[in-house]
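Structures follow.
Next, two complexes with chain A in common: one pairs it with chain B, the other with chain C.
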Partner chain A sequence: MKRDTFTPNLAARNAKGARWRLAFLAATAFSVLFLASLIASIVNQSFGYVVMTAEVDPATLQNDGVPLEKQDEATLAGTIRGNVSRRLFVKLDAERSLASRSREELLEIIVAEIVQPTVRRTWTLAQSLFDADAIRGQVAEEYPDGNLSFRSWVNAGLFANPQSSVATAAGIRGAIIGSLATLLLTLLVAFPLGVGAAIYLQEYAKDNAINRIIETNIYNLAGVPSIIYGMLGLAIFVRALEPLTSGAIFRAAAAEGANGRTILSASLTLALLILPIVIINAQEALRAIPDSLRQSSLAVGATKWQTIRHHVLPAAADRILTGTVLAVSRALGETAPLVVVGASTFLTQDPAGPFSKFTTLPIQIYQWTARPQAEFRNLAAAAILVLLVLGLSLNAAAIIARNRFRREKRLGR
Partner chain B sequence: MNIFSRKGDDNPFEVPTDDDSPAALDVRGLTITYGDGFKAVKDLTMTFPKRSVTAIIGPSGCGKSTALRAFNRMNELISGTRTEGEVLFHGVDAYAPEVDPVHVRRWIGMVFQKPNPFPKSIHENVAWGARINGYEGDMDALVESSLRQVALWDEVKDKLKQSAYALSGGQQQRLCIARTIAVRPEIILMDEPTSALDPISTSKIEDLLDELKKKYTIIIVTHNMQQAGRISDSTAFLLTGDLVEYAPTKDLFFNPRDERTESYISGRFG
Partner chain C sequence: MKRRSFRSPISVESAGYHEERTGFITLARRARPGETLVEAFLLFCAAISIFTTLGIVATLGRESLSFFREVSFIEFFTGRVWQPAIGEFGILPLLTATLATSFYAMLVALPLGLVVAIYLSEYAPFGVREVLKPVLEVLAGVPTVVYGYFALTTVTPFLQGILGQDRVEVYNTLSAGLVMGILILPLVASMCEDALSAVPAALREGAYAMGATKLETSVKIVVPSAFSGLAAAFILALSRAVGETMIVALAAGAGPNLTLNPFRSAETMTGHIVRISGGDLSYDSIDYRSLFAIALLLFLVTLALNILSRKIIRRYREVYE
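== the complex of A and B ==
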C-alpha cells in the first residue's frame, strides 16, 4: 500500500505564490512608472533652452555709455520718452506719471514697450541637455539675431507676475492667491458642515430607513461628476444668490462687476463638491472609535454630548483631519466646476476679496495649455509643478498635524 | 423625592441615606428583547441587598451580562433593544419616562470586561467623571482617595500625569474601578471584570471587592464559578434568560436546590 497519501506538492504551491508575487510587483512597478513619466514630462517642459529676439537690442539703449541696468529713474524715463511713440508716452504718463514710478516699473515698461522680447522657439530639458550643439547650430542658422539662453520656467517672476499675454512676463500670482483664498473659504464652509453632519449621522441618528437612505445618498453624491456640481453652483450661487455672492447686499460688490462669478461662489461650489467626502471620511473616523470608549464615559454619568466632546472627537480628530485634507486636496485640483461657475481665464489683477472675480491654478494651467504658442506649454508645465508642490505640502502639513494629534492621544495601541 | 430626577441639586454627591430599605436594587419582571425578537432575559425578579457582593453566574449566552447592563440602562445603547419590567432604585423605577439615564448611570456605575480607561492621563481618568458631575471639592484629594481605595495609589502616585495606557492590564482595570468610585455611586456593576486579566491581577481585584463592599453594593457577572464562590455573598444562576436559583453563595454551591444548578456547578455543562 502506498504509504504517502498526502501529496504536498510544495514546489507547485510555491511557484504559484511566486507568480502572484511577480504580478503584484509588476502592478507596483507600472504605477511607479506612470507617476515617474508624469513628473519627468512636466520637468522636461519646465526647463530648457529658449531663443528670443528683441525689437530693439537693450545694448543700444545705453545713455552716455551707462548700460540700462545702471541708469537712474530720470535717465530711464528719458530713455522711454526717446524710444516710444508720442501717443504711447502720453498714455503711459497719464496712467501714472513716469516720475512717480519705481526703477523696476520703468525697466518693465522698457522691456515690454521698447525691447519687446519675443520667444521664437523653446526646447525641452532633454533636448537642451543632450542636443545643445545642434540647438546652437539651428539658432545660428534660423535666428541669426536671436539670443539663446537656458530658461527655468519656474522662477521668481512666475510667482511675482500676474497673468500676461507675453509668456516671459506671465506669472501665476493671481492664480495662487485665488486658489488659496478659494481653498480657505471652502474649508471654512465644508469642515464644520461636514463634521457636524458626520457627528449627527454616526452618533445621534437612529438606525432607521430614513437615515439609511440619507447615508446612502451622501455616499452616492461623492461619486457625482464634478461638473454637475459646477452647474448646480452656477444655478444657485452665481444666479439665484447673486446678491449674496456678488457682495451686493453687503455693499461690497467688486468694482469690476463680477456678477456672482466670485471667489465666494467658487468656494461654495467646491464646498458642496467636497462635502460628501468630508462627511464620509469623518463618519469613518467616528465609526473607528470603539464603543467601549463611549460606554466608559456614559458609565460615569456623562451625557452624550460630553462623551462626544471629551472622548470621541479627540480620539477621532487625527482621522477627521486627514480625511478633510484629502478632500481639500481634491478641491485644489478641481477645474471643470470652476469653468462652469465662471472662472476668469485672463485676470491680470489680484483678487481683492471674496467678492472679486477669480482664477485658480488649474484654470490658469488649462488656459495656457489651450494657447497656440508653444512657450505657454512650458509655462503651464511650470505651473503644474507649483500645483503639485502645493498639493504635496498640503498633505505633508496634514501628516505632521495628525502625528501631533496622535502623540497627544498617546494611545498605547 | 425622586433620586433620579433631581435637577440642579445642591449636592449631587450626597448619597441618599433617607432609605431604610435593605435592598439596593429591586428588579421586578425584567424582560429584555433584542431587535431580532430574541428574549435575552425573561421575567427576571430579584433583590440585591445593600453593601454586599452578588454574583451572577451562568453559561455563555444565558443573559447575565444583558441583565447587568439593564440595571443602569446601558442596554439601550444597542439599538432595537426593548426592556420591560421595573428596576427600582430607592423606590424609583430607573425606566420611568421622567428619569434621565445619565442620572441612573451616575448612581449605578459600571466596570467592563476589558479595561477601557480614557485615552488621558491617570489623574484625568479618575477626575473626569467627578468633574462633569459637578464635583467642587479638592480634586487631587479625591483622586488620591479613589486610587487608594483600589490599592493603586502607591503604584501610580509618581506618574499621575502619564497616560493610562502605560499601565498594565490589571492596573488599568483597577484604574477603571477608581474612576467609577470617584463619582461616589451607590451600586457598582461589574461585567466579568477579571476575564481579560492574569491570575495575579485577578486576585488583586478580588481582594478589593471585600473592601469596596463596605461602602458600595456590588453586582458582578462572572463565568468563573470559583470566583463567584470566593468573592460573593449571594449568587444567582441564570440559564437561557431564566433565573434558575438565587441563594446565599454557600447554599447555592453546596446545597443547590435545582438540579440544573447542580449540573452547572459540577461542571457538566457551560
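== the complex of A and C ==
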C-alpha cells in the first residue's frame, strides 16, 4: 500500500508548517528589532555634529590681551561693560550687582548676552560618522562663519544646568531633582498604604461582599488610564485641597504662588496611580507564603498581628520590595497625569520642598520634543537616555536588593 | 487561596493566671486594643481604593454634570466640531481620532502579539524564551513619552520618506497608532502566552497522536482552546490604546480634526485633555468642565472594556481549573 493513503499531502502540510514557523520567528525577531531601533534612534539623536554661529567670536573678547578663560571676576565684569549696551548693563547690574556674582554666572551672562551662540543645524550620529566630509562641505558653503563641532548632548552641562530657552545651555537639573523628590514622596505615601491594604485583603478579610467589592475595585483601578488620575489630582489635590498642597496652612510657600500645583500634589496623584499596582504585587507576595508558617506562629501563642509582623512580612519582604520598585519605576515614567496636575512649563529654579512648583524628567522630555527646533529634539534624546538609565538602574537595584534578602533568609540571619 | 482563620478555642497567649480571682486559668479571650487598632488601620488602607474610585466618579460626574447643563447630550455626541472658543462641543472629531489611532494600534499589536505568543509558548526552545520574555518586559517598561518621541522623530519621517512628504503630515494618526501598537504588543504577547500555556498538554498530545503537524496543533487546537483568554487580552489591549496619552499627544496632532485619513493630523480625547490642561486654564470656564466630560466618557469606555475582559477571563478559568 502506498504511504500516501494514510498521510495525504503530508509533504505540503509540513512545508506549510515550516513556512509559518519561519513567519512566527520573523515576527518575534521584528518585535525585538523594534526595541533595538528605538534605542538606536535615541542614541543616534543624542550625539552628532552641530554647526553654531556666534554674534561675537569669544576669541575676540580679550581684556588687555587676557583671553576669556583666564579672566578673573573683575575683568569679566569689565568685559561685559565693554561689550553690552549701556542700558542692558545697568539692568543687569540692578538685578544683582555684577561685583557680587560668581565667575560662572558672569561667564553665563557673556555667553547669553554677548556671544549669543545659535545652533544653525544639527546632524545625527549616523550622519556624522558616515557623511562627515559632506557635512563639512555643506557647512563651508552655507554657514561660512559657522563653527562646526561634534557635540555629545549628554554632557556635564545637561546635569548641571537648569531649564533654558537656549538649547546648548539647557539642562535637566531641576527636572531630575523634581523627579526624585516626587518619587520619594510617592513612595512614602503609596508603600505603607499599599502594603497595609494587601495585608488586610490577604490576611484579615473574610470572604464577604464588601471585601470582594474592594478586590474587584482594585483590579478595575489598575486599568484606569493614567490621565484620569491626573484629572482626579487636579480636582482634589490642586483645587479642593489647595490650602494643604500649596503649603498655605503651613505658611511655607505662600510667596511662591504655587497655588496647589506642587510637588506634593504630583506625588499624591502618582501615589493613587501606583497604589493598585503596589497592592496587587504585595498581595501576590503574601499569597506565596506557605500557611504552615502562619500556623506554627499562631500555635506557639502569637497573636495575628505578631504573626504577620514577625513571620509573614519578613518572609514576603523581598517580593513586596521588588513589586514596589516596579510600581515606582512606572511612576518615574508617568507624564500625562503630571501635565494635567500642572507641571511648570518653564522652571529655572530648583524645587526647594514639597510645596515648590515642579517639573519632572518625562515632562521635560515632552516639552522639548513638542518644540519645533531640531536642537531641542537632540536635547530630548539626551534626556531620554538619562531617563532610561534611571529606570533601568531602579529595576537593577530592586533585583540586587531582592537577591540580598534571599541570601540573608537562607543564612537564617 | 482563601484564608482560613485559626482561632483556637482557648486564646493561648491571653490565658494568664488570674489566681487572685478564681484560682484557675481564665479561658476567656482577652481584649487586645492594639490588635483591633492595627486591623482598623489596615482596613482603612484597603478602603482608600474605594475612596479613589468614588473620588473619580464624583469629580468627573460633578464637573460633567455642570458641563451638560450648558451643552446638551445630543450636541455633545452628534456635533461634528470641537472648538471651545466658539462654543462648539461635538465630541465626534476627538472620538474618531481616538478610534482611528486605537484601530491602527490593534492592527499592529493583535496579530504580532498573538504570533509572538504562539512562538514563545509552542515553538521557542527554553533558552530563547528565557531571553525573549525579559526583552519584552523591558519594552513594556519604557515610558510612553519615549515612544511618543520615537513616533514623531523616527516613524513619521520614515513614513514621509516612503509615501511622500506632501501626502503625510508631520503630525498624523497613522504613525501614532503604529507606535502605540508596538507599545501594547508586549502586553498582548504576555497575556496571550499565559492563555496558551494554560491549555492542558493533553489536548496537544491528542492532536499529535492524530497526526497533526505542529502548526495544525497550534493554530487549530491550542489557539481555539485558549480563545477566551486571547479575547480578554485583546479587549484589555484596546482599553490601553483608548487611554494611551503621550504618544498621541506628541505625534497625532494638536487640533481636533474630523478625518479618517491616516496621514492627516487629528487630536484624540486624551491628547486634547493633555494639551488644554497643560496650557493656562481657568478653573471656572466651560473649557475646564468640558475636559471632565471627555474624561468621564474615557473612564466609562475603559471601565466597560476592563470589566468585560475580566468577565471573560473568569469564564475561561472555570473551564480548565
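Rule of thumb we're sticking to: the second predicted complex is superposed on the first by the 380 of 413 C-alpha atoms of A that agree within 3 Å, B and C clash if a C-alpha of one lies under 4 Å from a C-alpha of the other, contacts with A are read in each partner's own complex, and residues count from 1 in each chain.
Simple rule for what comes next: contacts are C-beta pairs under 8 Å (C-beta built on N, C-alpha and C of every residue); 3 or more make two chains touch, one makes a residue touch a chain.
The structure presented is a predicted model; accordingly, all values stated were derived computationally and were not measured.
Q: For the overlaid complexes, name the partner, chain B or chain C, with more touching residues on chain A.
A: Counting contacted residues of chain A, the larger count belongs to C.
Q: Which partner chains sit in contact with A:377 here, chain B, chain C, both or neither? Use first/second/both/neither.
A: second
Q: When the two structures are overlaid on chain A, which partner does A:293 contact: first (chain B), second (chain C), both, or neither?
A: first
Q: Of the partners chain B and chain C, which touch A:303 in the superposed model: first, second, both, neither?
A: A:303 contacts both chain B and chain C.
Q: For A:214 in the superposed arrangement: first (chain B), second (chain C), both or neither?
A: After superposing on A, A:214 lies in contact with chain C but is clear of chain B.
Q: Who does A:386 touch here: chain B (first), chain C (second), both, or neither?
A: neither
Q: One more residue to check, A:235. First (chain B), second (chain C), both or neither?
A: After superposition on chain A, A:235 lies in contact with chain C alone.
Q: If you stack the two complexes on chain A, which partner ends up touching A:202: first (chain B), second (chain C), both, or neither?
A: Touch partner of A:202: chain C, not chain B.
Q: Which chain A residues are contacted by chain C in one complex and by chain B in the other?
A: Dual-contact residues (chain A): 206-207, 291, 294-295, 298, 301-303.
Q: Going by the contact rule set out above, which residues of chain A touch chain C in the complex?
A: Listed in rising order, the residues of chain A that touch chain C are 7, 13-14, 16-17, 20-21, 23-25, 27-28, 30-32, 34-35, 37-38, 41-42, 45, 192-197, 199-207, 211, 213-214, 216-221, 223-232, 234-236, 239, 272, 275-276, 279, 287, 291, 294-295, 298, 301-305, 329-330, 332-336, 339-340, 342-343, 345, 362, 365-366, 369-370, 377, 380-381, 384, 387-388, 391, 395.
Q: Given the complex with chain B, which residues does chain A contribute to the contact?
A: Touch residues, chain A against chain B: 206-207, 290-303, 306, 310-311, 314-315, 409-413.
Q: Which of the residues in chain C end up touching chain A in this complex?
A: Residues in contact with chain A: 1-6, 8, 12-13, 32, 34-35, 38-39, 41-50, 52-53, 55-56, 59-60, 63, 111-112, 115-116, 118-120, 123-124, 132, 135-136, 138-139, 141-150, 152-154, 182, 185-186, 189, 211, 213-216, 219, 236, 239, 242-246, 249-250, 270, 273-274, 277-278, 283, 291-292, 295, 298-299, 302-303, 305-307, 310.
Q: Residue numbers of chain B touching chain A in their complex, please.
A: For chain B paired with chain A, touching residues are 72, 74, 77, 79-80, 102-103, 105-107, 109-110, 112, 114, 116-119, 128-129, 132-133, 163, 165-166, 176, 179-180, 182-183.
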